[in-house]
Structures are given as C-alpha cells and as structure tokens.
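Each of the next two complexes has chain A plus one other chain: chain B in the first, chain C in the second.
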Partner chain A sequence: MKPIKIEICLGTTCFVMGGETLQNMGDMLKKKYGAKIEVEAVRCLEVCSSDNFSKAPYARVDGEVIGEASLEKVQAVIEKKLNHE
Partner chain B sequence: MSDDVIATKKLKREILVRLIRAFMSDNFAENVRLIPYAMRPKGSEVPFRCCIYKERAILRSRTIAGLGFAMEDDDEATLLSDFAIKALERKTPEPEPLTVLQNACQGCPSSRVFVTELCQNCVAKPCMNACRFEAISQVKGRSMIDADKCKKCGLCMAACPYHAIVKTIVPCEEACPVGAIAKGEDGAAYIDKDKCISCGKCVSACPFGAPHAKSQVIDVLAQIKSGKKVIAMFAPALIGHLPCTAAQMRDAFKKIGFYDAYEVAQGADVTATTEAKDFAERLNEGAEFMTTSCCAAYNEFVKKHLPEIKPYVSDAKTPLYYTAEIVKKEHPDAVSVFISPCFAKRKEVLDNQNVNYVLNFEELGAILIALGIEVDTCQEQDFVYHSSKEAREFPLSGGVARSVQAAWRGSPDAIRPCVINGLNKATVKELKSYAKTGKCAGGNLVEVMCCEGGCIAGNAGLNTIKMALKKVSDYAANGDSLKDR
Partner chain C sequence: MFIDVGCYQLKKAKQNAYGDYFLSKRDAHGRTIAVLSDGLGSGIKANILSCMTATMLVRFLEKEVPIKEAAEIIMNSLPVCQVRQISYATFSAVEADEQGNIRIVEEGNPSFVWMHGDTPQKADYTEIVSRSFPNRRMKVYQFQVEQGDRLIFCSDGVTQAGMGEKDYPLGFEREGLLSFLQSTIAAERDISSSQLARLVVDKALFCEYQHKSQDDISSAVLTFRQPRKALVFTGPPYEKHKDREYAWQLVTFAGKRAICGGTTANIVSRELKREITTPVTTAMGALPPLSYMEDVDLITEGILTLTKAQEYLEEGRLNEADAAGSLVEFLLSSDIIEFMVGAMINQAHYDPALPIEIEIRRTVIKNIKRVLEEKYFKQVNIHYV
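For the complex of A and B:
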C-alpha cells in the first residue's frame, strides 16, 4: 500500500497563526503510524493568501487541505483513510 | 497552553493583520470600519458569544486596542473609521500598554473556597479542625464554609482526604503577581494602573481574551511610510519565536521597510560587563547581595511595590538601553523601534529618549503575514557586531546570571547565583524578605525574571517555550564566550 502523504506547513503565516504546535506533529504521527505515512514539512501550501490566513495553520493529507490544523484533526483524516482501504 | 487561549491569541493576531492590510490599502479608515463585518459577515457562524452582534462589538473593541487606544477612550458611538484617523494623528503613543475589554470579560464569579457534593460528612472532620477562622460548620449533613469568615487560606482543602473542597479562581486575578487587576462593581475586570507592572500575565491567563495590548503597530508603519529611517532593535528571544535565523531576520526587517536591524544581544554584552563590575564594587563594600536590573516588569515592581529593595538592584542599564545608545550614535537621525517579547518594555522606554516605539512579537508576526514575507526564504545578512554566547542566552532563566559570571574577572567562588524564575505571589514574598532583612540565603547574585522560563516565555511570544528554548540555545552555541573577550 502506498503511504499516506502528510504535508505540514511551517511557513511564516502558519507559524504565527498557531503553527508552533505543529512543529512536533510530524514526529508524533511517524511514531504512531510508521511506514503507513510519509511526512514532509513544507514552506507554504499557497492557501493562506487573501482572507484564508485566518484559517492557518494548514496541513495537507493526500492532497486534502486541512485548515486550523491540529494533531487531532490530521489524525482523524488519517484514520478515515486507513479504515477505508 | 490550552486551546481556548490559542483561540483568543489567533483572534488578536487576525485583527492586527487586517489592521495592517487596511493601513497598506488606499482607504485605511473605511477598511478599518469594516473589520468586524469582514470577520463576521451577515449570516456567518457565531463561534464564541451569544450572537453575531456581540461578536462584532467585541471585535470592534479589539480593533480599537489594535489601533492603540484604551477602552476608556471609547464612548461606543465613535466609528472605528474615526478611531483609525485619530490613530494616524497621534504624535506620541500612550504610556499604558494594557487595557481590559469589559465587553469581552466574562465577569467570572468571585474567587471562593467551597465544599462540593463529594463531602462524605466524615466523623473526624479534618476540615473543621484545620480551619483557624471557625469558618466551617455542619449544615444538612455536609461541611459548609461561611464566606464572610473564610480567608481562602486553603488549609481545609489540604486537610480533606476526599479532595471535596475546591477553590474557584478568577484567572486574571490569580495570574497577577501584584494584585493590580480586580473585578469592579459591574463584575468586569479593571486594571489599577498605579499597581500594574505591565507584565501581561493577565493577558495570557484570561480564556476570554479580555485584557488586551494597546498596539503601536500603526504608529510604526506610519513612520516607515513617511520615509523616515526606522531601525529595529530586536530582543534576543526573537530567534526562538520565528522559523528563521538571526541573519535572515535582519533581511526580513529590511523587507518590511526598516532601514536596518540590530541585535539587542549587542547591548546585553555591555549589560553583562557593567553588571559584573557593579557587583565587584558592591562586594568590596560588603554588600550581602545584588539583584539584576534587566527585566522591565521587575523594575516596575521595584518602583511600585518594593522600593526598599532598590538599593540592592544593580545600576547596570538594560541591554535595550545600551543597544539604543549605540544605534543613536551610529544613526542620530533614526527612529528606533524595540521588538519585544513582552509588554512591560513599553514602560521602560518612557524615560528613554533613544527608543521611540515598541512592537511585540505578535505584532511583528502580523506584519510579516500582512506583507507576505516568508522569513525562512530571506537572505542571510550577517551582523557587523557578533554577540556573545551569553548575550544570546540572556532571555533564558539563569542566562543573565551566567553572563555576569562569564564577564566576572574575580574569583569564581565569589559569585553565588540565586535565580528567581518568574514573579508570582510566592517569589514576591521572598523578595520582600530579602529587602527587609538585607540578606538572601539562596545566593548573592539574585537574577529576577518576571516570566517563568525567562523572556523566551514573554506574554507576547509566538512559539512554545520548549521550542523557543531550543532555538535560542542552538544560536547561542555558535557564539564565542564573554570569558574569552
């Protein structure tokens, strides 16, 4: 099975709007899901322009953008995907 | 930090970003007026309060504070657009850094100790035995506390084997180390500015985001826009609070429109050496102890609450003071702005002609968002002056004491640091006893920092303390030591 791709935005906007809590998220997810996922820290997902900055921080799971991202939210999407397949 | 506090911080930051974008637009006043409507447009969800109108009213108040005004300045009839114009006309910013949004304040129930239904009506009655004020009696098979007699000492809580007695708190009152914030007759919180040391602990503690900073962000951007030479002097804690290096930060400031940026760590080296000399002289004269003097909230505390300890406070000036002196010398025509992790520095600069404005980390973060500046793509621009390892660690608890030790040229055993890591009701008591007895059992060099963890834990920070500590320590590891200079 192809690993689920998790992208975590560590750009300035996401960082200032609460992304500080996401810095360790990659490690925590990797510990829990191991080879089932692939984690990448990215600079900007290009979704925070205009008014959308208020929904930062962002993450992306297999292309699905998650606003106001948190460990719980990202985990919920991963679980959903794992259970579907 | 709990999620509800993050939500209030996000709201404040969002408003700052919108304010800055309004300022950059060609219709500042009108776009400011629209902020509450842009954030809660017709028919939108109401995430926090009772209705959309209350949400907008509070967002309006937050915008007023973001423009630098106090809630006392608001008659509720003045349009936000008029406040925006008034902000632009302001020549000097207001002295008090904090205000409380009474409309955002929940009016928490007053703090009290009370017996819950977990009370087992036991035979031994340890609560009654523990109480020294005869405040506890038996009513309907349960212990009951007479609020008029209760002194909230907590002895009954500690004595109850069932943990059946609890104390409710008012978060802002509990957080304030000096009793400067309290509920007024209307139930909402008010700050007594004669007591307030501007530490901002109430700002971080309130889960409703009622205590609020009065920002100078528009004042600073207006200075830049007018074409003046504006120079940023950033606190060493900043390295821990943005995802980039110090050298990239210099470029980021230039991208914002600053003429240049200086590390306040440069001044910290001067503070450390001056303080080491001061300490040597004091020891020669037989002094029992000396306290540090770089924390602005501590200096306010000394002025307002403990003038008796003043003779023991080092005469060394703060890192900001020396940095601003250097900047003034190199750029006599410049407007200087301190980039601060906390609110108290606003008070420090009031009597310093060399510092014109103070922006905090949250406000700087909002500027970066509004201008779309990615700090980690900024160029590395090396500083002319290379700050020491110890100066870079100044914002860590214990860091100031270590820097004085590194600058110390006498016998190493002569310095015995005693670190006061955070001002709270307990450490305030301790400091009072040092002042009263003229002695400090814990050591002779007393480092005082108002925030637990040091300036990296300042109340206007962006990062978690743990991650900020790591980044600041990594940067410090690349510096050379004051010992070798």
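For the complex of A and C:
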C-alpha cells in the first residue's frame, strides 16, 4: 500500500497562524501511523491568497487541502482514508 | 576592484564610550572614504572629539573637497590641549577609488601599513606643516594599489599595547604589527577586512597588562580584491509571464544565490522543474526552516525571516542558529548584494486576523540595504521586478 502523503505548509501565513505547532504534529503522526504515512514540509501551498479555502494554517493529505489544520483534523482525514481502503 | 572595508574597536577598560571613531562611506561612483580618528584621552570626551573630527572629514571628502585641503582645514582649526600642547584628536583619512588610486592624509596616528600579499610596501609622502601650529605636521600620501593589496590603519592603542610589560618594553610597536600582519596574511590569504581588523585588535589586547585594554584600541582595514557577488530573489514578480526569465536570472547568476520566500521558491521550482526539499525538523525556533534546491545556496521563508535578519544585523547578532542567522551569514560573506524584489503583494499577509503585524517587503529590504551599507560597508542594489 502506498503511504498517505501529508504536506504541512510552512509559508508565512500558515507559520504565523500555527504552522509551528503543526510541524511538531509531523512527529506525532509519524509515531502513531509509522510507515502508513509520509510527512513533508512544503514552502507554501499557495492557497492562503485564494478564498476557496477556509483559513490558514493549511495542510494537505494526499492532495486534499485542509484549512485551519490541527492534529485532530488531519488525523480524522488520515483515518477516513485508511478505513476507506 | 572592490574595496572591502572592515573595522574592529575596543574601549579602554572601564570606560563606557569609545575614544576612537571610525567612519566610512562609499559613493555612487565607487569611491570609498574612510576616517579613523583618535580623541585625546579616553571615554566620552575623547569620543566627542574623535567623532567630531571624523564626521567633519568625511563630510568634506563627500563634498569632494580635496583630501589635503580638508585635512589642512581641520588641522588648522582643531584646538590644542592647553596642558599637553598636543592636538585634541589625531586622524587618518583615506580616499580610494575602484582603479586603486589612493590618497591618504595622516596627522598624529601611527602610520598605516600597506601590504602587498604578505609583503609590506613602502609609500612615499610629503609633509605639510600646519600654518597656525608649526609643531603639527601631516603626512600626505598618493599611490596606486593592486588587486590583493591591503591598507591597515590603527590607533596608537595597537602600537603601544603592552608598553612597560616584560615582553613589550616599548609596546607592540610597528614592527610587532608588521610581523603579525605578515604571518596572519600568509596563513590566510583571503582573510576578510573585518576578520583581519579583529585579529589585530585581539592581538593588541593580548599584549596588554592582564589582557585589559589600557587605551582605546582600533583597527581598520581596506582590502582590494575581486568582489564577491550575491543575488537574493524575494517575492513573486509583478508580471507573471516573466517568472521564467527571473528564475533563470537567479540560477545563472555569477555569484551566490538565495531565495527568501515560499512562493518565490515555488516559482523557481516550477519554472525550472527543480525539486525543493524542506526537511521536517522539530527544533527550528521561531522561524520556518531552510529548504534546498539545486544551484541555489540558500532558501528561506520570506518576510518573517527577512525581518528577523534585519534585527540581527542592526543589533550585531551575527551567530544566530536559525534561518535568519543563515541569511545574515550569506549576506555578510558577500561584497555586492543584489536584491531582486517581486512587487506582488500577498493579501493573506495583511489579514487582520493574523496575530502579528507583517511588514511590507519593500520596507524591510530598504532597511536591510541601509544597515548593510552603513554598518557593514556592503554595496547593495535593489531591483523591483
């Protein structure tokens, strides 16, 4: 099974709005899901300037953008994807 | 030729102000002016005297008053101490252009040292006697330097360091300085002006009684060499169709290259089809971490990092471990720094919901330019794209 790819945005807006805490999230997720996921930081997802998404900070799980991302929200999406498969 | 200017100073122990004063300016034609002045005594009185002398000289030279004339006016107008019958402030003034033409005027300071590689050179001078004070003379030099040459100026705190000590009965002296410069330069041929100035001052301090400065100790160095260039690309360009052009300009730049900005890094990555990697590191302090891309020496986040770097430069904090510290190191290791500043504004940065206020990029870059030029003697150009 291909690991789920999680990208954490570390652009200016996301970082100011909580990206710093999101980054520690990477470690926590890695501990919990191990090889089932792949965590990466990205410079900027370039969604903050568009109104189509709710609010920074953002993360992306297998291409799906999550606004106001938090550990719980990202975890929920991962669980959904894991159960789906 | 690029003129790398560096200076390092120490106060006399227990004083709260520097009695020596160093000023340097570079004008639009590439002419560099530098003045080192030593005020009589130490502490705040000496500081005022040397500051006044150095500022006046630099102003005169800036206005293109011939250096000899400017020095003469100052020498004739500077007061003489009633008690000691010596002038209130001594000075060395140098004017240098990019072709290597040098003019130097000295009054009272130890003679400068001219090094060609690690070999000291001799420069001829003419002596001019002050009209109003016949015991005051100034030396006027005019000569030409080559690439790789250095001019080292110092206050008498260097040559008289350690005076009276067993190892240095007459002080460190000019001979001590010369042999120290020879061995230091021989060991590190590419040493920067600021590093060399610092080593000279540290050496002088080492000679002093109990390693405490008995006088103000200053050293200023001018190095003539090929400029080291750097380009910093920050902010998305205003015209999107030119993205590719600017991306190529960055990676083909003859010098060191940096990107400050997530979107900017994405643009370069997209246009040149080069991957960016951002390692997820847990301990990264208050700034987003560095990223990596082929042919780019440094990639950081934009405005937060730039703002922090400005703060570090202004406060002289040059050894910070975060991304802004890396940017400071990048900037200070270059002589000529080009900023390619994208004019596009990211509205999301000005969302009132943001917990901190984010500066406008242009303002930050302008501030960085100012501090790099005034405090670190760099040449900085800004291009808006």
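Rule of thumb we're sticking to: the second predicted complex is superposed on the first by the 80 of 85 C-alpha atoms of A that agree within 3 Å, B and C clash if a C-alpha of one lies under 4 Å from a C-alpha of the other, contacts with A are read in each partner's own complex, and residues count from 1 in each chain.
What we mean here is this: contacts are C-beta pairs under 8 Å (C-beta built on N, C-alpha and C of every residue); 3 or more make two chains touch, one makes a residue touch a chain.
Small disclaimer: the values here were computed from a predicted structure and weren't measured.
Asker: Quick one: is A:Met28 in contact with chain B, with chain C, with both, or with neither? Answer first, second, both or neither.
Answerer: neither
Asker: Give the label of whichever partner, chain B or chain C, reaches more residues of chain A.
Answerer: After superposition, C is the partner touching more of chain A.
Asker: Quick one: is A:Glu40 in contact with chain B, with chain C, with both, or with neither? Answer first, second, both or neither.
Answerer: Only chain C; A:Glu40 stays clear of chain B.
Asker: Determine, under the contact definition given at the top, whether A:Met17 touches first (chain B), second (chain C), both, or neither.
Answerer: both
Asker: In the overlaid three-chain picture, which partner chain does A:Ile8 touch, first (chain B) or second (chain C), both, or neither?
Answerer: Only chain C; A:Ile8 stays clear of chain B.
Asker: Does chain B (first) or chain C (second) touch A:Val65, or do both, or does neither?
Answerer: The answer is neither, since A:Val65 touches no partner chain.
Asker: Name the residues of chain A shared by its contacts with chain B and its contacts with chain C.
Answerer: Residues 10-13, 15-17, 20, 23-24, 43-44, 48-49 of chain A touch both chain B and chain C.
Asker: Would you tell me which residues of chain A are touching chain C in their complex?
Answerer: 8, 10-13, 15-17, 19-20, 23-24, 26-27, 39-44, 46, 48-49, 55-56
Asker: Mind pulling up the chain C residues that touch chain A in the complex?
Answerer: Result: residues 261-263, 265-266, 276, 278-280, 282, 284, 286-289, 291, 299, 301-304, 346-349, 351, 353-356, 358 of chain C touch chain A.
Asker: State the interface residues of chain A toward chain B in the complex, per the touch definition above.
Answerer: 10-13, 15-18, 20-21, 23-24, 43-44, 48-49, 51, 53-54, 70
Asker: Could you pull out which chain B residues touch chain A in their complex?
Answerer: These residues of chain B touch chain A: 3, 6, 9-10, 13-14, 17, 38-39, 242-243, 362, 365-366, 368-369, 372-377, 462-464, 467.
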